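By letter and in written order, the chains are A, B and C; residue numbering begins at 1 in each of them.
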Amino acid sequence: MPHLAVSDVRAKYGSLEVLKGISFSIEKGEIVALVGPSGSGKSTVLRALMGLTPITGGDVDLAGERLNYSSSREVRAARDRMAIVFQQYNLFQNMTVMQNLTLAPLKIKRWDRAEVEAEARRLLGLVGLSDKIDAYSDQLSGGQQQRVALARALALKPQILLLDEVTSALDPELVGEVLDAIRKLAAEGMTMVIVSHEMGFVREVADKVVFMDAGQIIEAGTPAELFDTPKTDRAQNFFSNILRH
Amino acid sequence: MNYRFQFGVVWENFPQLLEGAWLTFQLGVFAFAGGAIVGLLGAAIKTYGPWPLRLLVDTYVVFITNTPALIQIYFLYFGLPEVGLRWSNEACLLIGLTLNAGAYLTLILRAGFISVRVTEIEAGQTLGMSLIQQIRYIVMPHIAKSIYPALANFFIVVLVMGTSVGALIGVDELTGQAINLSSVNYRWLEYFTVVAGMYVVLTFIASIGLALLGRWVFRVKARIF
Amino acid sequence: MERILEQAPRFFSGPNLTLLFESAMLTLGMTLAGCLIGFGFAFVLVFLRQTPGLWALPLRLVCITYVEVFRRIPFIVVIYLVLFFIQTVTPDASLFTIAVIAICLYAVAYTADIIRGGLESVPATQVEAAQAMNLSRLQTNLRIVLPQAWPVIVPPAIAFAVSFIKDTALVSQVGVFELTFRGKELNNQGYSGILVFGTIAFCYFLLSFPLSLLGQHLEKRLATPRGERRTRKIRQP
C-alpha cells in the first residue's frame, strides 16, 4: 500500500475548476516532483492536501488512513500529519528563528520543551544555521530564511513534507544552499512532494515525476522517462522548451 | 426598563427636523468650501512661500488643530462682542468652522502638493507642455488621486462633527432643532434616535455623491463605506 | 482690552488655576478611560467581524453597521442619546460615567477601523503559514497577526485618542465639570470671553500638543523595527 495515495482529487477556485481529478501515489521514503507550466495547478495540489484550498471531490489516504477534509476537525487532523514549506518562506516576522521552530511543537502538539528545543537545534544544524538561532527573519537572507522554513516544517515531524516552489523566490546564487538542505532530507529518507521549476534538481532527486497542465495530470513516470522520452505532445513541448533554457 | 417610546410627536414635527437637516447640509458645504480656500492658500504658502509666512501658517495650523472647534467658536461667539463685533450665531459658526476646516485642509492639500514628483513635471516640460498644461495634466490628476479620498472623508467630518457644534450656540441646524423640539415635550430619546438616523441618511447621500463626483471628474475611486 | 487687563490678575488667581487644572485632568481622564475601554471593545468587535461562516453573517453585519453608523452621527447626538438612555435605565448614574460611555461608544467605532486596517496589513501568507501548523484563529491572531500589526495600529490609535481630547469639549453640554464647562462657568461669572476661552483653548493646547508630538515620535520609532526589512525578490519562473 502506498504511503500517500491521492485519487481523483478535485478543487475549485470560485467557479473555476483548478484541479480536475488528480491521482498519484508515493511510497514511503520516495520523492515525487510535480512539474508543469504556471497555472497548471501543481501548487494547488499541495494547498489542497494542507486544507488551504478546499477539496470538492476525491480521496486522500495517508499511511493507510483516509484523510477527510469535510470538517475543520478533519482538516486539523490532516494538517497534524503533514507540513508545507512555502515559496515565500512565510517565517513569522515577529519571532526569532528558534521561536518559529518551536511554536507549533510546543503550543499545538504540546511536546516536551527540552526535547523540542534539542530537536530544533539538531534541525538548524542540519540546514547549516546553528549560529542564527536567535536571529529574526529580517536579519536573514532569502536562502537562510527558506532553510529555516524547512527546519520549521521538519520540527513538526510530519509523515510527509510538501515543498511548494521553495527556490522560486530566491536569487540564483542562493538556490544551491536550499537544494543542498533538501538533498540531505532525501538522504535521511523523508517522504516529499516537491513542486519545482529546477529541472536539473528534480531529475537528480525525484523518484517519480508528474507532469501537470490545466489542472490535470498529463503524464507521469520516472525522471528519465519524462525528460528523455515524453509520450505526450504537451509534455514534449514543455520539457523541450524548459531544458533549452 | 419601563420606558415607552412614542414617536408620534416626532413625526408631527418632522418638517422642522428636515429644515434643520437642510441647514446642516448648507453649513457643511459652505464651511468646507471656505475651508478649502483657506487650506489652498495655506498649502501654497507652506510649499512655495517665504519663511515668515510659512511660520505664520504653521502656527495657525498647530493652534487650530490642537484646540477644540467648540472653543474656537465660543471664542468668536462670546469674545467678539467685547471688541464691538456683533455677528449672528450662524456667522460665528460658519467663520469658526471655516477657520477650523482651513487648518485641517491645509495639511491635507499640502500632502497633495508634495505628492507631485519633480521628475514628472520635468517630463512634462521636455514634452513642451505649457505651465497651464502641466498643472492640468500632471499636477491636478496627482493631487486629485492622492488626496481625493481624504478630502471626501473630511467633508463628512465637517458635515457631521463640525456643523453639530452649532447646536451649542443656538444655531437651528439638525441637532439644534432636536434640542429645541425635545425640550418642549421631553421626548429626547425619540428625537435623538430619529436625528441620528437622519445624519446617517444625510451622510450616505453625501458619500455617494462624492464617490460619483470622484469617479466622473477626477477618475478616482472613493469609498462610500 | 482694558477689561481683560483689569480682570487678568483676578482671573489667574490660585483658586481659579486649581479649578482649571482639575478640569483639565477630568478632560484627560475621561478621554483616556473612554478610549482605552473603547479600544478593548474594538478588538472584540473586529474579532467578531472576522468570524467565518454563514451562520455568523448577522453578527458580521451588526459589527459593520455599528462602525458605519457611529462614524456618521455627531458626537453631541451620541452624548444626548447615552444621557437620556442611561438616565431612563439607572437614574442615579454619574455624569462622568455617562461621558465615559459616550466616548467609549464612539472610540469603538473609530478604533475598530484602525485595528482592522492594522490586522489586514499583515500578509495573508503569515496567516496561512499559521493555519498550516494548526494554530487556531485566536492563537493566530494573538501570536502571529497582532504582534506584527501592533506598529501599524498604535500610532493612529494614539492620534485618535489625542484628537478626541478636543471632541470631549462637547461633553460640557451635559454638565461634566471638564474644561469647557469650567470656561462657560467663568464666562458666566463675568470674566471676558476672550480671556476665558483664550485660556481654555490654551489649556487644551497644553494637553493635546505634547501628546500629539509623542504620538508622532512613537510612529517614527515603530516604523523602523529591528534591522532593515529585506525586499523579497520574486524571480519569475
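Following the convention adopted for this analysis, a contact is a pair of C-beta atoms (placed from the backbone, for glycine too) under 8 Å apart; a residue touches a chain by one contact, two chains touch by 3 or more.
Note that the structure is predicted; figures quoted are calculated from it, not measured.
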{"item": "A-C or B-C - the one linked by more C-beta pairs in contact", "value": "B-C"}
{"item": "Chain of greatest Cα-centre distance to subunit C", "value": "A"}
{"item": "Chain whose Cα centroid lies nearest the overall Cα centroid", "value": "C"}
{"item": "Distance from the mean Cα position of subunit B to that of subunit A, given in whole angstrom", "value": "55"}
{"item": "Between subunit B and subunit C, centroid-to-centroid distance (C-alpha), Å", "value": "20"}
{"item": "Euclidean distance of C-alpha centroids - subunit A vs subunit C, Å", "value": "46"}
{"item": "Subunit A-facing residues of subunit C, complex", "value": "123, 125-126, 128-135, 139, 143-144, 147-148, 225-230, 232-235, 237"}
{"item": "Touching residues on subunit A, where the partner in the complex is subunit C", "value": "38, 50-52, 76, 79-80, 83-84, 86, 88, 90-94, 103-104, 107-108, 136, 138-139, 141-142, 156, 165, 168-172, 197"}
{"item": "Residues of subunit C that touch subunit B when the two form their complex", "value": "1, 3, 68-69, 71-78, 80-81, 83-85, 88-89, 166-167, 169-170, 172-173, 180, 183-184, 187, 192-194, 196-198, 200-202, 204-205, 208-209, 212"}
{"item": "Contact footprint of subunit C on subunit B as seen in their complex", "value": "1, 3, 62-63, 66-72, 74-75, 77-79, 81-83, 156, 160-161, 163-165, 167-168, 175, 178-179, 188-189, 192-193, 195-196, 199-200, 203-204, 225"}
